[in-house]
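Look at the two complexes coming up: subunit A is in both, with subunit B in one and subunit C in the other.
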Partner chain A sequence: MIPPPRVDESTVVLGIETSCDETAASIVMGGTDVLSSVVSSQIDAHAKFGGVVPEIASRAHLELIRPVINEALDTAGVDPERIDAVAVTIGPGLIGALLVGVAVAKATAFALDRPLVAVNHLEAHLYAALLDDPNLEFPAVVLLVSGGNTLLLSMDAPGSYHLLGATIDDAAGEAFDKIARFLNIGYPGGPAIDRAARRGNPRSVDFPRAMLHDGYDFSFSGLKTAVMNHVRKNSDVASDDVAASFEAAVVDVLATKLMRAARDTGARSVVLGGGVAANTLLRSEVDRLARAEGFRVALPSRAMCTDNAAMIAAAGWYRLRDHGPSGLEIGAVPNLALVADTVRTNRAAPGRDHR
Partner chain B sequence: MYLHADNLDDTADIARVIARFLRTGDIVVLAGEMGSGKTAFTKSAAAALGVTESVTSPTFNLVHTYAGDAIKVHHVDLYRLSRTDEIEDLTIDELARSGVVLVEWGDVGDDVIGDHLEVRVAVGEDDDERDFALRPVGRRWDARWEKLRGALAGHMVDDWSGL
Partner chain C sequence: MKILAIDTATEQVSVAIGDAMRIDAAFCVASERRHVEALVPAVSMLLGNLGMTVHDLSAIAVDVGPGLFTGMRVGLATAQTLADLAEIPVVGIDSLGIVAHGAHAASPLDVDDADIVLPVLDARRSQVYWSMFRNNFSSTNPLEEVRRPRVGDVAELLEDIMDRGQRALVVGTGASRYAEQLATCAETTRMGMRSGLEVFAFDPNVPQATTLLRLAASRVESGAIGDGIEPLYLRPPDAEINWVTR
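This part shows the complex of A and B:
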């Protein structure tokens, strides 16, 4: 194994991400200084696929990964030899998509004779807020809401975190997407609901807030069904009002649980992440409630909320510093869990008492 | 075969009975409108196969794999996919080699999914009522079909009353 390099403010990490809808690469120095962050939809090669990257198609990632990495190097003005380590998402995600990133990362690390670092995509989302606000105060609670995930975590320090709760059925972003399609108000669903809700009355329908006072887990499947049943029975209802009332129910549950978690864990900061963190009402509600109770608030920019490779490089920097490199024998792990990783991470952080 | 569920317990029971007949290599295609209960059906079936983790919607992640008692359970969702090559890239047949596969919105991939059991579900007159239509596609269910009918006799009705 390659001996661990020095890991400090000048350490340059190439991050590679192919687990999701985007092929992405980024150059980050010192864990927080983003020199470049390229996602495939920004570059010309994207046009080849008619504007839609079929995220499950590993061949799309395969065709895009080299141009995306080259663009990341060019934009950063960094020579490949300047890269100190290569960080890559190994899961969770689809095996075919993950394998592209893992294979390219291994080959790059081997060719440059640099260490390789395996990164959990979900853990990486926790570092996105640090990229926008390197002075984030810990402990923090993080609400990670996207199409595929709704997770509530507490974080004592970079690399030390644990899962408080998660959705037991649909993710919040999925509910936005499906209700938008059901109401026929446009795509993608998140921004469409956001726009419609600004025009509607959030108090026109009192939709259920599942498990509002019950633990840290979430459930949005019943809300989705309630919205559809309401529209089927009231065909004259205004879709702006339905969108606003639906959004109010989702945000109410998310914000209530996030704030309760912040109080219960003695957090100093409240952090949003994931694509749904771009939602106007969620941002304003979390900002308002958190400030009222004296918490610091971190609302990452949209580019940092959504999938990107800068957060992979950042997570890789911390992982390299705290745990050293991964071996070249690593493989893609489609079902990589956050929880199992957390246990190891917490054990490796002595002196952190968080029971 | 047509089935009727008066309530959520009936639906869970139908899922459990069907799950007991599943073995490695089986593909169950779940068809039905949004909110008809395809994920809820999968939750009950997976629990019957010994899955203890919480089964969540795979709409965005496309495939979730769970460990059951003696079998893997692959939960697939084609909701976001429309093109045949995208569906082929999920390699549903390959997944079936290592366990059972339940495919939500599977009817959009009918052409590329091999032998399977189709379970069509529709919301009944009451919010909690469901109507089911079960149909084997291919020969894979020939030997088990009569036994499955027998096991589901308590829920059977003569006609499809779904929407």
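This part shows the complex of A and C:
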């Protein structure tokens, strides 16, 4: 039996992340000090399919995981024996991809006789802001936007958060990918839309802003349809202008709801996370609006917004400190929810439920 | 010289510890899709019962497939990581060789009737994985691989058998699954080899890791460890697109 570990600022955690198409490993000390963060992206392997092919991703993870972990150890100047705990993403994500990371993490924890910590990938995204800004002031509101999720949360402290709203159909990143594919402007969709939008006119088409003044939930499927209909009816329209107008509509909704949640919950900080938080317009709009109203703003670096293992190691450090280690019998959980005990509290908008 | 053998490339999670002379401990559970859950606890339990740690091992053996992709990857990732951290070699053995030698060990009399032994595993989608061994009728090297693992439909497998024109014994999950087709074909073969093909439905629940351990032990003893392990997929990745985006 492994005794309850001492978890402090000298505790070194190896983080492992293989939930989608990034093979990542990181060494983080004390929950905040990133000694190394290595991310090997498989974008090229999936580009011709316009989306992540699970079996290709799983095979690539198996090939890449050892070199990636070894590079993380080398860069950090850390021997395996110096690792105090192993943190790994167990979900949500692609089952075959998750299994590679979980298997390696379990074997590492077992061989080194160190605690294993199961980490929720979405929860880990919430720690990315803390890694870049350890003095983040709570309470905070967090907008977590990625290919699979659009979540608005209030966060009282690390490990304590409440769900305010979520998308009722497509995730924001999913909409970016679908529109980028529809406009045929590149893969992955997020960066492709970002680039095209910088060249286009965001006011050329007035796309709908669904549920803009209505609760904290989001809906992007109507916008997606509107963009497609507009392009089909106006074959001569410049795709840069469509991309810019589409992006403006998404960012308008995201930023408006985030700011309203910040006001309603009495937050001190406004935080972005997830792959879509790397979007140029979203970052500048949130920064501008939040500063104007006197909130502290935490915009994690782009490297921390997209999938990485430093956030896994950081989340693992807090989880180990507050909840202790996980058992060696754990498995991967592809549809893992944010947290089982998350209470959906529309605190500032009682009685409003859009489902 | 103790070896840890790990087989998760099939429906079972099978683990064994021992050497060329004997199996010291073995564990097997038909766990379907729960390979990752069961594997490390099983290794921990066996080592614990023997009063050993991974640092007391001299090599790790693993089934590299062909088989269930996800299970196979769990086995490879686990074996490689344990071997790296214990600083010992890892030996890869293909699943078909394990099945052929397992059948020989379980029922040498049946095997003795055959000139060639074909391990056949169900590859789903109406396909099978198979390889081919010549029966040397010797105790030192009873089965010798004459055809490397491949994948194809049952008709291709049958052609392969008929081309050899020898008494063949077919073993493994694919043999059970396609027993009727194999038997029918055996009776209607143009070569009139009514008795040329026998189907021996090898019980897939025989713990595979014990056979794997014996095969790996003889490799380690003869110094033929090879340099590293590679998964044996035999099939390109399923490009069926799951629109997962980032």
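Some observations on this one:
Just so we're on the same page, the second predicted complex is superposed on the first by the 321 of 355 C-alpha atoms of A that agree within 3 Å, B and C clash if a C-alpha of one lies under 4 Å from a C-alpha of the other, contacts with A are read in each partner's own complex, and residues count from 1 in each chain.
Just so it is clear, contacts are C-beta pairs under 8 Å (C-beta built on N, C-alpha and C of every residue); 3 or more make two chains touch, one makes a residue touch a chain.
From a predicted model like this one, the values you see are computed outputs, not experimental measurements.
Once chain A of one complex is fitted onto chain A of the other, the partner contacts of A:L112 are limited to subunit C, with no touch recorded for subunit B.
By the touch criterion stated above, A:R199 is placed in contact with neither subunit B nor subunit C. Considering which of subunit B and subunit C touches more of subunit A, the answer is C. In the superposition on chain A, A:P188 makes contact with subunit C only, while subunit B stays out of contact range. After overlaying the two complexes on the shared chain, residue contacts for A:L94 are found with subunit B and with subunit C alike. By the touch criterion stated above, A:I330 is placed in contact with subunit C alone, subunit B being left untouched.
Within the superposed three-chain model, A:R263 lies out of touch with both subunit B and subunit C [touch as defined at top].
In the superposition on chain A, A:R291 makes contact with neither subunit B nor subunit C.
Of the two partner chains, neither subunit B nor subunit C is touched by A:R302.
Once the two complexes are laid over each other on the shared chain, residue contacts for A:R66 go to subunit C alone; subunit B is not touched. In the superposition on chain A, subunit A positions 54, 56, 58, 94, 96, 146-148, 171, 173-174, 177 are in contact with subunit B in one complex as well as with subunit C in the other.
Those residues of subunit A lying in contact with subunit C across their complex are 20-21, 49-56, 58-59, 62, 65-66, 80, 94-96, 99-100, 102-104, 106-108, 110-113, 146-148, 171, 173-174, 176-177, 188-190, 275, 306-307, 328-332.
Of all the residues in subunit C, the ones that touch subunit A in their complex are 34-41, 43-44, 53-54, 69-70, 73-74, 76-82, 84-86, 231, 233, 237-246. Of all residues in subunit A, only 54, 56-58, 92-94, 96, 146-148, 166-171, 173-174, 177-178, 181-182, 221, 224-225, 228-229, 334-335 touch subunit B in the complex they form. Within the complex formed with subunit A, the subunit B residues making contact are 34-35, 39-40, 43, 54, 56-57, 59-65, 81, 83, 85-86, 89-91, 127.
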